[in-house]
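Before anything else, here is the set of structures, which you'll find just below.
One chain, chain A, appears in both complexes that follow, with chain B as partner in the first and chain C in the second.
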Partner chain A sequence: MRALTKSLILMAAAITMACGPAHAQKSGGTLVQITQPEPPNLAPYISTSGPIGQVTAKVFDGLLEYDFDLKPKLGLAESFTVSPDGKTVTFKLRRGVTFHDGKPFTSADVQFTIMDVLKTNHPRGIATFKEVTAVETPDETTAIFKLANPAPYMMAALSGYESPILPKHVYGVGDIKTHPNANAPVGTGPFKFVEWRRGEFVRLDRNTTYWRQGRPFLDRIVVRFIADASTRTAALEKGEAHIAGFGAVPYNDVRKLSALPSVEVTTKGYEMISPLVEMVINTKKAPFDNVKVRQAINYALDRKFVIDNVWFGFGKAAVGPISSNFEPSGLFGAGVDFTVPDRIERANKLLDEAGFPRKADGTRFEMVHDITPYGEEWQRFGEAVQQALAAVGIKATLRYEDVAKWLKRIYTDYDYDMSSNFLYNLADPVLGVHRGFHSDRIKKGTVFVNGSQWSSPETDALMDKATTEADAAKRGALYRELVTKVTEASPVIYVHELKFPTIINKQYKNLIDSPLGIYGNYANAYRE
Partner chain B sequence: MKTFWQRFLLNPRVIIGLIWLGAVVLVALLADVLAPRDPFAIVGVPFAPPGGAHWLGTDSLGRDVLAGLAHGARTTLLIAVLSTLAAVAFGTLVGAIAGYYGGLIDDILMRATEFFQTIPSFLFAIVLIAILSSSAMNLVIAISVVSWPPITRVVRAEVLSVKSREFVQAAVVAGQRDHAILVSQVLPNTLSPLIVTGSLLVATAILIESALSFLGLGAPNQMSWGFMIGAGRSFLRDAWWLVTIPGVAILLTVLSINLIGEGLNDALNPRLAEL
Partner chain C sequence: MGGAALGRYIVRRLLQTLPVVLGVVILNFLLLQLAPGDLATVLAGEAGGAPKEYIDQLRQRFGQDQPVLVQLFHYLRNLVVLDLGYSFRQSAPVLDLLLARLWPTLLLMGSTLLLSLSLGVGMGLLAALWVRTWKDHLISVAAIIFYATPLFWIGLMLILVFSIKFGWFPTSGMEDVVAFNVGFARVVDIAHHLVLPTITLSMFYLALYARLMRASMLEQRGLDYVTTARAKGIPERTIVTRHVFRNALLPVVTMAGIQFGSLLGGSVVVESVFAWPGLGQLAYQSLFARDFNLLLGIFFLSACLVVIVNLVVDIVYVLLDPRIRIG
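The block that comes next holds the complex of A and B.
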């Protein structure tokens, strides 16, 4: 039997290899993508709201693209060199590239995009390009980035999703904040923007003069907006829509869809986003200013239960603030292991030591746990946390508010005990990880930064060093030390790496071909 | 002529209603005995179907549905009864004053009542919860704020008709004070429509509470039937019992309250029943 299976596999492999070239990528076809919710605008240079990038990454190119190990590949840049001191980065740009309006792409567009738009307006670009003092353009196909300090993380943030290159002759006219083309994007990407019918769809057509010869294969992309979750599931089930990601389909429906022969489900394509589910603890408030209490809560949490029963298996227990997606680039590190078998005993012991013995009714103290107001899995997560805390004698009351109130409570008023949350690691720890616990990110009123208000000179110094360290191996060592220190102090409890399921119709191939997944450009995608 | 109790208790619809409602009240009172643990406690494998170790199955996190149903009955009934009492108290006060004094006071109070009546009550309740944030107390406040106007109108109409009767005029002549006349002479005679409207209001309150909890606006720390439906609705195709069991409980309870309310109406106004 085993021999038979083996030979079958070999045969299948042989057939696949033999058929490989015969299945040449065909031109044509319309891809229907479901994006949820509808984007507020199509201006990725000014807003990082998730749904925007799912549309505009097809319209705009970046200087670079990335492979699944987060290593840069060439995009609008034909080549690039980083000087030994890390302070000069020279990009050679492709010749003969035109924008969708027919005008040529030159180094002036790069200079304009970086200096006038992203560095000053993009919510993350402000940090990404902080060190860039000038972009010099000695000729039309050369752009030289001059940096005050080395910025290795910048090289990970030059995709068409994160840093879209804009035409200066379009976006340079008028105020960039209220630009008429904010809802009618013009770029160099494989698909041209045609129409946005509000509440229904955005239509993108093939860019026939795309600089990559013979690409894209698809004639058209229609991005549909369907408010009701079960209608989204039904559309994918019937083949009316072909791709959806980022939680557009409820996790329990994903199981049903994955059983269909026409559908495949993948969790690839989020390697450059790396969402991390976490619990932020208010470290300025008693008893959470006590590190033993925070560690006890960290031990009390049953990560496996949460992943299996709240997220239906779409997750991986987190071992620190840095996602395991950074393993290939050497920046990953594991911290203290809070999933040990005797974690409940440890939690109880820590709470006893912290001076909170169990009272007659079995409880130690009461607290309020805020639920992330993002929908029902977060509510169930809150209920699971409540039960986990009850097991070690902490009586937690749940509080559920709307997004605006919740954000104000956590990031402006700091009027909370503990809250669930999820943050993206993004393309580099400098962009996505430092914000969670660096002292310069304790910014009243700025959301998704250091809401726990914890910091230490030691970890600050490690992060500052890692920011400007050009050598990848040395950076990795700094991050491993940082991860150990942060998990020991537990100002934030890292619960799990969220694995968003992407649902794809099997007729369509090569849709997810980069770590940006749905934030990719689909230039290589084709219909069978 | 049969007495009120005979007319009421011998009505078969009332008997059915009382049996079910009595059972629900009993379960609510004995919730701690029937299901001694916290209804939010995770006690088994998630999605266990009814009929196994857990009679009515478990939900998506492994919580016992029977425990939820018992403790949910308590929350649902308590919130419904408290909010109805508050609505009846406030509505009666406003209605009695408006009806008794008439004139400018009546105009002002009734325009205010109409103002509240013109706002769609469920939307208004959602807005109130959004402002107040969700807790059991705020649910009571929101439900009573949206349900007092009908009580006011009923009481005012009754007071208007009662206050022109001879015994009220006699009380005025006898020198009784206004509030004494209202409390001892007028209001007792408005009781029968008040009881009927009030009992039906309990049913409406259950529905509002369930709908708010279904939308995730209910009290997050109290198990309620609406919460159970809201938490189970995404799993309708995987686990029918999560939505069906509390849904049927709400249906039967609201129905039985309506039957009892109608029975009360028939018993208190025998001539109407004969029409």
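The block that comes next holds the complex of A and C.
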């Protein structure tokens, strides 16, 4: 009886959750979002620069959406089936969906978007849709993806943020690379693009013919651009702006803002992005070609100190290249534990064994530590690393350059010893993790790939297998083996999983309702 | 001097500035080649990584596979018909981007120039009249403090006090993006948003003009023509307003003309603190993105602005001092 009651309550709760508190949701209101920096353009099909998606994910829909466990939900696709061999994926598309210009959405738009735009022009789409040989359109509401090999990771990359569906009749006319609509997007999403005043704001108004009945609730979204961090904090404090994420507010101001009764702070909504703070080591350069030296540095780093003092607690110690956000989907694995209590003794021992005894002045060797040029906290991080290295006898000099010069140094010239770095796991390890240490990603001049230039035939083989393995449990096992091997070799030091704080004005509800967070579409968001 | 002479003078001056502007453009073009890293790398970096095929594609599109001199030649040829090129990062023609930012920039500079000149000159004038009294010291000390305080700090303090504490002014931006006012209400709204940035940017220049005006007034007052005027029995008030003031103004006007160029630079900080959509911020962003087409466009426009302002200054001279002849 008790069990029955309990399940009834659960059912009731589930039903309420499914319907949502409909009575509380009022239409109307303008949401002001702060996005930093200003996006260079509004063409998410050609550039994946972070701020672009924060605007365009409201304008474009994807075939799928995702829940917090990264499981697919339906978007523009009404249903989808994957063939047993994993080489055919059939999407049934929603009927009666129209683009913002009133023209209907059909399977031709899907074919055009995938084959003519994303597969050839999207920085990540080139990899995501590598296996897609054709998109067949037997009728207006069916799109069949034909793959050369199974590509399970592709199913995680079909959101409106990652793979926006474009109208063929707009973007199919003229050169897609310099298209006039690059700054005036047209999609099927809950909000229509109205105006972009550079240096000020982008204005999006409610799409009154959105295919989800009764959505969206908000009348308007204005995305503002404020270059100064303190002013961003002031605008949020005064209630002139209502949401900001991705480090738009400095960590020390987050604490101040969270004390206000009008503001809440959440770290949810980054599960499909999974940012990792790392240190990449030049494994082709002595003494860093010695695995013992790399392991010693890995042990020397005090992750807890860094998280608590540099990132104000917004982080979780990393145990390998794959984020713990992949735990629900079974792809997570923990590697060698470098946070053991006797880590300093171990580091010293490894350095002795590697042939770098302490000299008379207590140091073993000197090196240069490059710093990711992304702002204040990275400089503080560099100083923390410098201190940690000094404790084991490595004298590190810090170097801070601007983004263009730093990227060239790490990924083109390979002219560095060790650098802090910041990479996203993205929606699937194939998209965000493999690039860090697969041999086919040692590409001079390509940024955010394998800058350590380390690889091994075993780890390459594990990744190649995981790429085409359709069974999630088997993929998970491959990744656990991979993580152990990579952390042993330590070409990259995984420091922590960064938990970005998102600042939200409490008047606004349901803003963060997917693992994409601010990259979501706000269709269900409303103002109280 | 007739209007025709003035017209001829302006045309001749403008023709003389052509080689100056051309020199600025060529020099900037070559200087920018020295910066390490390129737009393709930055774009790929912003994207969080991109395949090599993509980066090569970009470089080809930007014309970076061509020799530098060929690129320069193309740029100059396009400049003749005012085609400033295309910003690949912002996916828009450079000229459109510049024009959109021009009027907010001119608005902020114009109001700053007006406020700092009028207040600065006024303060300098009073300080000179009250020379070596406590009022003079007060004005001088205030000027020094304004001059020495960093702009961003003044800006942030003004926001903290007048925007957050008292709620009199908006924290940032150029207009209310929730209301989207139209017509006269919009003019009032923009003026409301203009107050804090103008005060902040004016502080620095105000101090400069006040100090200069004071010194200039004191110098003029000791000259022979003032003694002569006094001997003629002209009232002290008339001497100050009709003779000393006008002559003392000349160095201040010169200074204001020269400062105009640096006003563009100084506004980077104020624009960023108050999220004002001006040219300074655009220049700053495009430098770090290595968006050279856009940056060259900004340099070109700034050079033109400075040249024009200095021409205006020269004409103002004539109005202030009839002894100065143009030509």
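We adopt the following convention: the second predicted complex is superposed on the first by the 505 of 528 C-alpha atoms of A that agree within 3 Å, B and C clash if a C-alpha of one lies under 4 Å from a C-alpha of the other, contacts with A are read in each partner's own complex, and residues count from 1 in each chain.
One rule holds for everything that comes next: a residue touches a chain if its C-beta (ideal position, glycine included) is under 8 Å from a C-beta of that chain, and two chains touch if they have at least 3 such contacts.
All values derive from a computational prediction rather than experimental measurement.
Aligning the shared chain A places chain B and chain C next to each other free of steric conflict. In the superposed model, more residues of chain A are touched by C than by the other of chain B and chain C. Judged by the touch definition given at the top, the superposed model places A:A390 against chain B, while chain C stays out of reach.
When the two structures are aligned on the shared chain, A:V340 is found in touch with neither chain B nor chain C.
By the touch criterion defined above, A:R380 lies against chain B but remains apart from chain C after alignment on the C-alpha atoms of chain A.
Contacts of A:R224 after superposition: chain C is touched, whereas chain B is not reached. Put simply, if you stand at the Cα centre of chain A and look at the Cα centres of chain B and chain C, the angle between them is 40 degrees to the nearest 10. Judged by the touch definition given at the top, the superposed model places A:A472 against neither chain B nor chain C.
Within the superposed three-chain model, A:D402 lies in touch with chain B and with chain C [touch as defined at top].
Touch criterion met: A:V32 reaches chain C, while chain B stays clear of it. Shortest separation of chain B and chain C in the overlay equals 7 Å (C-alpha atoms, whole Å). In the superposition on chain A, chain A positions 402, 405 are in contact with chain B in one complex as well as with chain C in the other.
Only residues 35-38, 41-55, 61, 86, 89-92, 97, 100-101, 104, 152, 155-156, 159-160, 163-164, 167, 170-175, 177-178, 180, 271-278, 281-282, 285, 288-290 of chain C touch chain A when the two sit together in their complex. Every residue of chain A that touches chain B in the complex is listed here, in rising order: 229, 250, 252-253, 256, 305, 309-310, 371, 376, 379-380, 382-384, 386-387, 390, 397-402, 405.
Chain contact summary for the complex, chain B toward chain A: residues 38, 40-42, 46, 60-62, 130, 133-134, 216, 220-221, 230-231, 234-235, 237-238. Interface of chain A with chain C (complex): residues 30, 32, 37-38, 40-41, 43, 47-50, 121, 123-124, 126-127, 177-179, 182-183, 197-201, 203, 222, 224-228, 230-231, 234-235, 237-238, 240, 402-405, 407-408, 411-412, 423-424, 435, 443, 445-449.
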